[in-house]
């Protein structure tokens, strides 16, 4: 993904070590025609930077945030507390619990501040891109058309 | 929720026994100004009826589906395979496994067909309404304003 | 397994990546004298193709379906909603949760639409073949005899 | 269920305390026209009695065994080792682990001796009856017709 | 606990509904001679208020924070990202997962920002008070003496 | 271990593939002076052979059985139903669930027929030998002395 | 159970609140003719008292210890580190994790210091008494006879 | 870490095999200016040595103990029962359960004897050093300054 330019979809990683998890997102976003950008900002180690990234992203036109994190994965929930845009959370399997820790830390958000959670790991990251396309397609016929073509490919056995 | 009329948000339950889970959604939808409707259609017992409900809901202008289910909770994933609209999945705790079965059955969707999963039970159902508002607010300033006011209330200690 | 010919046992995979899971089924089916066939049809990406495969398989004499899937493993349950034949579900361990997600997604079917679930992975796939033989042996003395010989082999320490 | 008479379906309980779990099976069996009988025989406390019940049931024409058990639920697997008929296992939630212990003890059978596992508790017991009907319908048009009518009822919203 | 006055120990709750969890902390703090105060501030609904409470508490002399939360329990980790004081996290069992979600959300903090996690629920809250006393006793002989007397009571069978 | 001779301790494996799990038992048994023997007998595939092995082992003076099994690990419980000697169960991690399936299948025995369960895998197998020594030491001063020496070695940092 | 007199079986509880868990042990011990006694001694709050109870019990002829504990259930393992007699561990379900915490804390002992673990709760406590009888029967024909009669009762359907 | 000299932080391992888990602690302690030492003492195999190490460490000025253990990880709790200093527990993933056994064995301590639990494995060990620095910083301005500089580094993207 290209960084540091306006983007409708902003992918936030708690750590650069999570970059391989999202590597399939860029081609999907390009297929759907969604401008996108990756930022690394830890909820715990860089709380001020995280606030700033979200503020600037919103100012630059971000519509959706995808937040990717492992272990006690607070990033998606913290992002959701700092924006009113839809936030998609991708749990990462780090260490020995198979990502169950990250999944529960992301999906079990208390009432008022939702995170749209998808599957653990790379499968989830890919689906985050598709879910973003479904959301943006509500107001964007070009994305809707790309999504329909994508579904057709899947039905033909493509991935 | 009022049934049988056009609605931007359609809530699908696998069984009428899940109605109490969604009882807090109607006031939230009304607060956000989102028209809504509840339909009961089992993915397994009524696959044809489910297809028809989705087709008719889309024709009547549905933007988002919320699918609520317990146990081997296939309803959200099956709905996501039948529409290109965003689908929000709410796991229900039925029986003795505390909803972990429903959560994994909903969130672990394979690549291509995402479900935006929220927390187990009533907390998740409430967040499904808020997440729908966040999605629709992208294209609807009135909902965006209602959402901002809602966040203000939460910050004041309201729920 | 030989594809595209009449078969009493039809094995459905959600994805070609699950083929190694079922590789021990063909020799077992041949030993029991059960005609068999493998089809790949995703419940989520190819819902229409799946309906067609089931309809055509039934027309061609299929008695039993074995459905193999990982993650949010909806395939077995969806198949069971589309046929009245017995459906055997084989959970696959994909990703980091060890197949627990697939197991719960398959076994915890709500009342009315059962899936006969077996163990996770290749051990389960083998047992799916044996279970199919036990079912078909009720009406087929040749299979019953083959099954009795198989049990004898197991008792002698064979696998 | 009526005891002590010939039956195509024999329900085995490890303990009389599991009787409430199977209370919905009798009306379903009657609807499908499947003769049935309940026997109580513990795999651990009454291994000789269990062998005798199975031998006598088979002699009297039993086609399918349903074995119901909680905790370290060995009954279904032990029954499967003593008969070549299809064995359906129903896990029961006893104590504090929510039936996960029973589920894993039943479903994770090693290769060669399968148990067709259904959901935990009463939902699973009901599905055991429906699964038995699906199996017996392969050779019995009356049961097949009853099953089709049952599916029709489910599609109409009945349970 | 008395609110709104200087306190060495500040207990933060995400929601007033968690008050019963901490009800045994006040007598323990009083026994150890530790001034204490309870504040309610949600990490997600009131992120700005939370920052302010922490800043003011530190200015008023807070040495230790105890953060109590259920579900996706981010409060302790977020507090730990906003202060350099020791943070003790108490997971609460809300809903059907028995507090496992909260436990993993609190204890699995990534490197750099630790939370000292104690047991789920009221037992953990009591131990949070004792752990705070152990920490403060390093620099406060009166607390050390009270702690030694407390241990003596425990050894005599007291709780 | 030497097979086919009288032994106070008989180790039963459900499958030859479990032999590596017990490889540390022989040196421990020799150290404690406990005669021992390994037999392979599956509870499910070889129920008759299993009964015979137990009967013959008892006739030849077996005092304790150690039963080792993975997945739906019924062997220890079935052995305990066929003998009145103490039975020690060792769960084995087979497949993707990490041995949790085997552990619950062994330890959660219903009242009346206990299995003395030890840890999963090789650590558990070693402890099975030590537990057997503790049991036999009650009536055998030589074993008691060997056990005391072993404890002394452990205290010196030996394993 | 009668306290403060010589006993072959000593039941150790971490807390008086665990007394109901062991209430079925006394009649079983009496049936088997095993003298028994209950002591309350916490591994964590009363480490010195625990050492003394074990030392005195051994001096008074204790052959077997049964240790009962919940949560981070260290009592059985600590007892096993302080004696060379067989130690039977009974996990108790305290709080919201259903006893899984106690089970793993007891059964997963590292090599060298085994605990013979039985099922969670009252079922496990009963089996602790039966397991003790199986152990003592190795050297005591009267207990062996009582055990054989007990098995006969179980086979007749008694509990 | 340098052994056998006075240290404010004493790291206790149940086994030398856990040494790699703590290898990142020494540079962190040095950065914070905390004298430290590693001792190996098993709670189960060397209970007397463990008591002595704790007694001598306290006499030599130890302020905090970090106890590292896997499986039924009793070491942290036993240490906490033998000292009144703060005890930090680090669960280690040994074997197939991913460290969940160790985590629950450490964190679920009963009331009165707390262990400050951190994440499983090396991430947790690093955080144990940071948590110790936060505790000692309460009474040591140099450590407080080092901690503030460390936080600054984290905010700049350092680890």
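Every chain is named by a letter (A, B, C, D, E, F, G and H) in the order it is written, and numbering of its residues begins at 1.
By definition in this document, contacts are C-beta pairs under 8 Å (C-beta built on N, C-alpha and C of every residue); 3 or more make two chains touch, one makes a residue touch a chain.
Predicted model, so just to flag it, every value in this text is computed and none were measured.
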**OP:** Check D-G against E-H and say which one is joined by more contacting C-beta pairs.
**Re:** E-H
Subject >> Duplicate of the A-H contact set - from C-D, A-B or E-G, the pair where over half of the pairs recur >> reply: E-G
Original post:
Approximately how many whole Å separate the CA-defined centres of subunit B and subunit E?
Top reply: 36
**OP:** With chain centres taken as the means of their Cα atoms, state the distance from subunit A to subunit E in Å.
**Re:** 32
Original post:
What whole-number Å value describes the gap between the mean CA coordinates of subunit D and subunit E?
Top reply: 51
Original post:
subunit H: which residues touch two or more other chains?
Top reply: 42, 45, 71-72, 95, 97-98, 100, 107-110, 112-113, 119-120, 123, 151, 154
Original post:
Which chains touch, pair by pair?
Top reply: A-B, A-C, A-E, A-H, B-C, B-D, B-E, C-D, C-F, D-F, D-G, E-G, E-H, F-G, F-H, G-H
Original post:
Which part of subunit G faces subunit D closely enough to touch in the complex?
Top reply: 93, 98-100, 119-121, 123, 151, 154-155, 157
Original post:
If you look only at subunit G, which of its residues touch subunit F in the complex?
Top reply: 63, 84-88, 103, 107-120, 123, 126-128, 130-131, 134-139, 144, 147-148, 150-151, 154, 159
**OP:** Could you please specify the touching residues of subunit H with respect to subunit F in the complex?
**Re:** 40, 42, 45-46, 48-49, 71-72, 95-98
**OP:** Spell out the part of subunit E that touches subunit A in their complex, as residue ranges.
**Re:** 14-15, 42-45, 47, 70-72, 74, 77-78, 80-82, 95, 97, 100-101, 104-110, 112-113
